Structure formats: structure tokens, C-alpha cells
Amino acid sequence: MSLRVEGLSVARGGVPVLDGLSFTVEPGQALVLRGPNGAGKTTLLRVLAGLAPPLAGRVEMPPESAAYASHADGIKATLSVRENLRFWADLYARPWAEGVLDDFDLRSLAHRPAGTLSAGQSRRLGLARLGVIGRPILLLDEPTVSLDAASVARFAGWLRERHLASGGLAVIATHVPLGLDAPEFDLSRFRADPMVAGQGSDAAFL
Amino acid sequence: MSLRVEGLSVARGGVPVLDGLSFTVEPGQALVLRGPNGAGKTTLLRVLAGLAPPLAGRVEMPPESAAYASHADGIKATLSVRENLRFWADLYARPWAEGVLDDFDLRSLAHRPAGTLSAGQSRRLGLARLGVIGRPILLLDEPTVSLDAASVARFAGWLRERHLASGGLAVIATHVPLGLDAPEFDLSRFRADPMVAGQGSDAAFL
Amino acid sequence: MSIWEYANPKKFIATTAPVIPWAFGGAILCIVVGLIWGFFLTPDADRFGSTVKIIYLHVPSAMIAINGWIMMLVASLIWLIRRHHVSALAAKAAAPVGMVMTLIALWTGAVWGQPMWGTWWAWDPRLTSFLILFLFYLGYVALWEAIPDPDQAADLTSVLCLVGSVFALLSRYAVYFWNQGLHQGATLSMDSEQHIADVFWVPLVVCIAGFILLFVALVLMRTGTEIRLRRLRALERQAQRAAA
Amino acid sequence: MKALLLRDLRLAVRAGGGFGLSLAFFLIVTVLVPFAVGPEADTLSRIGPGVLWVGALLATLLSLDRQFALDHEDGALPLIATSPLPLEAVALAKAVAHWLTTGLPLTLAAAPLGILLNLEGASFPWLVLTLALGTPALSVIGTFGAALTVGIKRGGLLLSLLVLPLYVPTLIFGAEAARRGAMGLEVATPLLMLAGITLGALALLPFAAGAVLRINLR
Amino acid sequence: MKALLLRDLRLAVRAGGGFGLSLAFFLIVTVLVPFAVGPEADTLSRIGPGVLWVGALLATLLSLDRQFALDHEDGALPLIATSPLPLEAVALAKAVAHWLTTGLPLTLAAAPLGILLNLEGASFPWLVLTLALGTPALSVIGTFGAALTVGIKRGGLLLSLLVLPLYVPTLIFGAEAARRGAMGLEVATPLLMLAGITLGALALLPFAAGAVLRINLR
């Protein structure tokens, strides 16, 4: 149950962004992706999640073990907070555990239509989905955007004590410190060289 | 050209959120709104911007002097970065100054369709709108979300040296420190008292 | 004391609650008397045969359908100008009643048309403008349903009601221009040439009175329900915030 | 799959969910046609079944862009895509939900609306039968079209453009069967073809829709 | 106002902007009708002008939900609302842009499509004239409807429901004038009414649309 990346190159909109990435994340570990805006963090996470194909290289992980979370959390404004979460539980065929509402401080909001939440509250709802679906590999794109300090700490605590402690792993792109004791991986060293002949489908025409 | 708020109460979706706010922001000053998620920062800013009516109290400022900015920046994915900015310049009948592209580090992206920008890059584009329309009162809702450290510093610099220094003022809601030397205003002290009879349209029914 | 004091929800409920049973009672009485009278105690008309009896449902419901929309228009204007919540809720409450009345008029008309014109439906101007009225009701109700915030919904539906009224008038003219129809002229007009015989006229008036009372009772009751729903919601929110 | 189906049905009946609106649109198209072509009863009863078929088709079409676009905009689609449910099943669930919330009500509403167009008595059962047979095909084909255009903002019109030619065979056989049935002619061939199209579409198109979704999610 | 108009036109012609799609929809509706009602030439030429009017109306309708919804979703609307441009002018600019990108092309396309429906020679000029007079009203009324439903996610169908009854007078006078013109009857009254509706709608509805936008932005 570990995530192994070897010689990975990724592209966005046909343009190579990162090149020659290799790393391994073991169960119980978190890896924090760093890099300035436009470095390719989102692109990399989408490839890891299988939403986009890699240009070259390999991503190895058990099938159906990864969960991806970005700003767009798929929250339905007209369903209540609980209905939103229950949907994900049902879709992933997981038992519904009322406890997530406490883990993510949503108990008092459980009956509210999700459309009426504040930015931070709906971010918490988006993160609570991760608690519901119970996937061991979390791929998180700026998970703490809009969260206040207390919520950031609460989320980091959940990650450390509930997710990593039970053998999960996580790859997290972020610009702000999370207070996790995790190794950082700086993507700016892997920028794809624009002068290298294109990989992927462009290569055929160069 | 100052912003004066007196005895303001604001509501969201008919529910009173903040009560009895009074403050004044003078030209050249910035005010940082703090408060946990759901405190009512967004609600307050929308009322200040005139997008929602206040429940009670007064907001005084010169007409057509405020600009509001939230996560949704009205960026058109199919227009280029420059076209996006020029539209705002034209709509506000302002001369187009190529310099904003440098102020917000967008020069190298100027020809890219805005839809291909990364999260932080499009945030920069959203902020650049403020430089284009030249309104003296800025109402900013979490302006630095998704920005990397260098961009945050660059934006804070622009705010300090270009906007405030030329007599503008700003009210900024944020969860992360901006590195501005500005007074903070904690909204949690102004939570509307739930036991006080509702204001606004609820009041008629209680 | 001004009439606007009744726009206070509590005062409104307190004043109307005792009226509702009387209005209902009166409505049932008038309708039962009018229908029995009309159905069993009047002769068949020469031109219509026994089908004339449908008139006792058809005409009252048609009148209520039109006047219900006018009432909504007035209530919407009051809301837009004076912002009395009761007024907005009264308009909301009246819409489904008016819509059902429109349906009844359409339905009884269709049932009548079958023996009289040999068809359930003809694109007669009167019928057609009723169909359009039904569409306006439908849109109005759908818009109320689609917007969660009640004040916003009240504002938007009021504007729709205003604009819709103008276009409903236009449609009515357009439809007459487009097709000269089969339908009766105004039987209730004071013009004695067209006036129907008194034997039909008296029970018809009783039925109309009954329908008016029924409309009043239903609208008052539904407005009361809407007010209580709003109150319940306000209390629920207060409790939620107290708990939070 | 049940979870997704239930959620979609629930979303459809919530405020702003759009249930009943395609019905209203159907009603309105039917009402508008006499205004445009004139009120003569015999013209109307001649073109009636065809107009109702076109009306049902257009009403279906209008609700298609809600199929995936909402889930795409709020980011639910990639999350559903990484769930254990294969995208083919997702497409099928969406198509079934769409039929339950539009195709079925449209079929039921066609008979009363037929009265407005002065349909003859014999037309009614055939109209309802052909619609019942044909609307599932419209839903599945439409779901495929919606999957194809999911990445495009407000792609409603492009979607219509792509889907309408695909609807032509269903429309031809459906309207033809309805017309022949009303006139007492032989209907077996168009009816069989209609049923064939529906079954074929149900069997194959969810796979195409799934594949297309996968490409669009890249 | 010019800035907004130009931007909307530019967005319309960019990829996914929807220009030309209402035209395509118009084409397809016109093509589908003969499939649905059968190919008899005299029926077709009788209902032709009416079908083209309904087709143009539906094509207009389909593009309405792009009017404000896109700007609402990406947050441009509140920013435009706080600009020096009053919301009434915003509504008018949107209506004009809508007419230029749909009403005008539809009017121009009606003549060639008329051939598909076996229109008689005399019908063509009247059809084009009435569409030219009537489509601006359709755009303005539609803009009002779009402003009314801007807060509602994918409110396309609700929008249709609200707007279609408002379209009835325009449709009646437009189609009636086209029909009468083709038959050589008196057309002054419907034409004048049509022009009156267009002028009245242009003069008044932008204000209603502005007011409604303001409410929806709250």
C-alpha cells in the first residue's frame, strides 16, 4: 500500500510541466509538495489521481486506493451537509459513521443546506468527504484554503492521528505550513526543460 | 474619501450574523478583518460593497468609490489575460496602463487564455483587476488564497506602496498574515445575539 | 388606526382566524344551495339542453381565475411599494388557488365543449387566453418554488406578476385578433339582449358568491399557513443559533 | 449505482432541480404551435402526432445539459470518476434518472396535450405507446451527447446540435408509427425498429458515454 | 456599455461561445419537422411560416440562459454591478449583444431554410420582414427572463417556462403578419402591433431587467 513514482513527466494542455520525478511515499507518511505558483503541483496530483495520463514514467499504487481533493469539492448546494456526506458513503459503498461530523466540526451544521455554508465551512465539508470514503492514499490540492487557524490544526490532527496513524498516506500540495511533521518535496527542481524536444503527442510533429 | 461604518448589523440568508459594528477607515489605512470561519467576514464585505442591504445602521463612503474582490474574479477563460484586464479598464472608463502587468507579475502570461492559468496565476489576474479599475476603497475577501509566498509579498507591497500610499484605503478579510502593518478588527466580538429578536424580515414573524 | 396595521402577521392571523370558518361555511352553503338549485330546480335551456348546468361551475371558476390574478397583482404592488410581508405571502397563497380555478374553468369548458361544439378543445380566443393565463400561473408558482430566500422570491415574483400582467393583456388582444371564436359573449353583462333568463341567473349568482367566499377562505387560510411557516422557520433559526 | 440514481432523483425534485420543467416546456411548445400555424382544427389534427413527438424531443433536449454539467462545474465528476463505480454505470444511472424525471412524465402528459391539438381518438394510444418506447432511447442518446460536451461551458446549444441528428431515426420511426397507427395502417415495422433502436442504444451507448467521459476528464 | 457589448460579442465568437449554435438549432428544428409531420408539400408550405417562427423562437430561447448565468457563475456579475455602468444599461447591452449574435443571424437564415419547407415565393419577404421586426422583442423579453432566473443553477427550463407566455403576443402578430402577407391580405395591423411590441419592450423591459438583476445580486 505504498505510492511509488518513477521517472514521471507530466504535461498540462499539451505543454510539459514537470520532468523526471521519482519518489516513494510509504504507509503512514505524508509528502508535502512545494513550489511557486505554476510549478505544476495541481498537474502532478491530477496525474497521480489518474485523471490525466502521464507523458512518461510510471505511477504505482494499488487500484482504487486513491482519493483526490481540490477546491471544487462536488458539494451540492441543495442537499444538506449530512446528505452530501451520505451520498459519498453510499457511492463508495462504505458504512456511514456519524463520527465524521465531529471530526470535521460539522455537527452543528449537519442539517443546513450546503449552499448556505461560509467558505471555510464548505471547505470543511469537502474535507470530511475524505473521512467518509476511507481511501488510504490522499492526494490533496491546497486543502486548507479558507480555513481558520483552529480548523487547520484540527485537520492536521485528523490527518496525523486518524489517517496516517492507521497506515494511510498523503501527498499534499500547499503554500501555507500545515504543522505536519512531513518531508517536503520541491517541484521547482523538476521543471520540464522547454528546449527538450516535446514528449507525448507533440513529439510526433517535431 | 474615508469609509465610516456606524451601528451596522448584517444578515445572511435572513439570519442576523453581526451586530453593532462601528469603525472608520481613513485614507491610507488598511483594516484587517479577523474571525473564525463563519464569523461573517464575507457577509460584511458584501454589505460594504453595496451588494446586500444592511439590516440596520449606516455605511458612509463616496459613491462609486468601492471595489469588491472575492474568489470569483469574473475571469473569462477564453479571453487572454490582457483582454480580461482591458475589459475592466474599458468598463470603468479608465485608461489602460500596461504597467499593471508588471505589478502583478503577469507580463509573461499576458497572451495566455485565462482558462489555462494555474490557481495562483489566475488569482494574480483577479487581483490585477484592482490595479486596473483604480477605485480608492478596496474590499478584499481572502485575497491571497492560493498565492505562493513571493506573490503574497508582492501583493502586500503593491497595496502598501501603490494603493495606500496614494490615499486609497482597504478592508481585508484574511486568515493568513499578509505582512501588512495594519490594525486588526476581530469580528467574533460582534456576533449577533441569538436571543435578541431577529432583525430584518424574520423580525416581522417573531 | 390605519388599514396597514393588519399587515402585521400576528394581527392578521388574529383578525382572520375567526373569519375563516364563517367564510368557509358561507361558501359551502352557497355552493351547495346554488348547485342543487341550478342542477335540479331549473329547466333545460333550449339551445344547450341539460348541459347548461355546467355553467354553475364554469362561470364562477372562470371569474375567480381572472380576479385571482388581479388580486395577486394588487398584493404584489403593495409588497413592492410598502413591503408588507403579509401582502407578499397573500399573493403567494393565492396563486395555486387561482391556478386550480383556471384548471377547473378549462376542464368544465372542455367537458361542455364536447356536446356543444363536438370537440374537447378549440382554439377559441376565450379558451386560448385562459390557457395562457394558466401558463402565467404556472410560471409564477414555479418561480416561487425555485428561489430559497423568501424576500428575494417575493421581489422577483412581484416583478414577474407586473410584467406578466401587461403581457397577459397584450395576449388577450392578440388572441382575439388571431381568431374569432365560438365562445359565448358576456352573459352576465347588463346588456339585456344577451342576458340569460332569470331562472338560470339567480342560482348562478348564488354559485358565484359561493366561489368568491371559497376563494377568500382559501386564500386567508393559506396566507395564515405561510405566515406560520415563516414564523416556524424564524424560531428554528433562533434556536439553532442559540444552540451554536 | 443506486446511490447515484437516488441522489440525482433527489436533486431533481429539490428547489431549482428542474423536475417538471421539461413537462412545462412540452406544454408550451404544444400551445405555441397553433399560434404560429393558425387555429384550423384539421391542419392541427393532421400535424398533431408529429408536433407532439418534436415537442417531446425538444423538451428532452433542453434538460440534457444538466446531466453532467452541474457535476462538472462543482467538481463532483472527477470524484465520482475515482469512486468504485465504473463510468459506464455512472452514465447508465444518469440516463435512467433522466428518463424517470423527463421521459416518463412526457409520455404521460402527451395524451392530455393531444386534446389541445385536436388529435383524433385513434391517435392517442399509438402516440403514448410510441413515446413510451422511444423516450428511453432519447434519454440514453442524450446522455451520450451530454458526456461528449461536458467540458464546454453552457454547451447547451452545441449539445443540441450534436444530439439532434442522432435523434432523427428515433423520431422518424416513432412519429411514423404514431401516424400509421392513427390511420389504421400497418405499424409492425416502425414499431419494431423503434424498439430495436431503444434496446441497441441502451445496450451500447452507456459504454460510449463512459469512454467519452473518461476522455473529457483528462 | 460599448465595452460590455464588445466583450460579449467577442466571447460569443470564441471557442465554446455559442455563436452559430442557435443557427444550427434553427436548421435542425426545420429539418426535423418534415420527418415528424410527413413530407406532403402542401401541408408543409401551409405550416411553413409558422414553423419557421416557432423554430426561431425556440432557437432564441435556447441561447438565453447564457445571458447572465455565465457572468454569475464566475463572479463577473457583482463586479459589473459595482462598475459605473447602471444595471439597466447592462441589461440593454446584453440584449443587443444577444440580438446581434442570434436574432440577426436567424432572420438572415430564415429565407434559405424556407426552401426546405416548400414556402411559396410570396412568403419569403414577409417572413424575413416579420422576423427582423420581431426578434429584437424576443431578445429583450428573453433578457428580462434571464435576469429573473440568474440565481438559479441551470435555470434554463424555468427560464423557458417564464419567457414563453411572454413571447405569445410577439409570436401571434409575427406569424399572423407573415401568413397574411404571403396570402396577400391586409397586414398593416399585425405589423404595427409587432413593431409596437418591439418598441415598447425595448423601452421598458431593460428597466425591469435591471431591477430584477439588482434583487438577484443581493
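Read from first to last, the chains carry the letters A, B, C, D and E; within each, the first residue is number 1.
Here is the rule we go by: a residue touches a chain if its C-beta (ideal position, glycine included) is under 8 Å from a C-beta of that chain, and two chains touch if they have at least 3 such contacts.
Chain-to-protein mapping (UniProt): C = Heme exporter protein C; D, E = Heme exporter protein B.
A quick note: this is a predicted structure, and the numbers were derived from the prediction, not measured.
Counted as hops between touching chains, the shortest connection from chain A to chain E is 2.
Per-pair tallies of C-beta contacts place D-E first. When each chain is reduced to the average of its Cα atoms, A sits farthest from chain E.
The most distant chain from chain D is B, comparing centres defined as mean Cα coordinates.
Separation between the centroids of chain C and chain D, computed from CA atoms only, is 34 Å.
Mean C-alpha position of chain B lies 45 Å from that of chain D.
Averaging Cα coordinates per chain places chain C and chain E 32 Å apart. For chain D, the set of residues that touch two or more other chains comprises 15-16, 21, 24, 28, 35, 73, 153. Touching two or more other chains at once are residues 13, 71 of chain B. Along chain C, residues 132, 135, 138-139, 142, 146-148, 178, 244 each make contact with two or more other chains. Residues of chain A touching chain D in their complex: 49-53, 64, 66-76, 78-79, 83, 87-88, 90-93, 129, 133.
On the chain C side of its complex with chain D, the touching residues are 110, 119-123, 128, 131-132, 135, 138-139, 142, 145-148, 178-179.
Of all residues in chain C, only 132, 135-136, 138-139, 142-143, 146-147, 152, 155-156, 159-160, 162-164, 167-168, 170-171, 173-175, 177-178 touch chain E in the complex they form. Chain E meets chain C in the complex at residues 144, 148-149, 151-152, 155, 158, 161-162, 164-166, 168-169, 172-173, 176, 189-190, 193, 197, 205, 208, 211-212, 215-216, 218. Across the interface of their complex, chain C is touched by residues 13-15, 192, 194-195, 198, 201-202, 204-206 of chain B.
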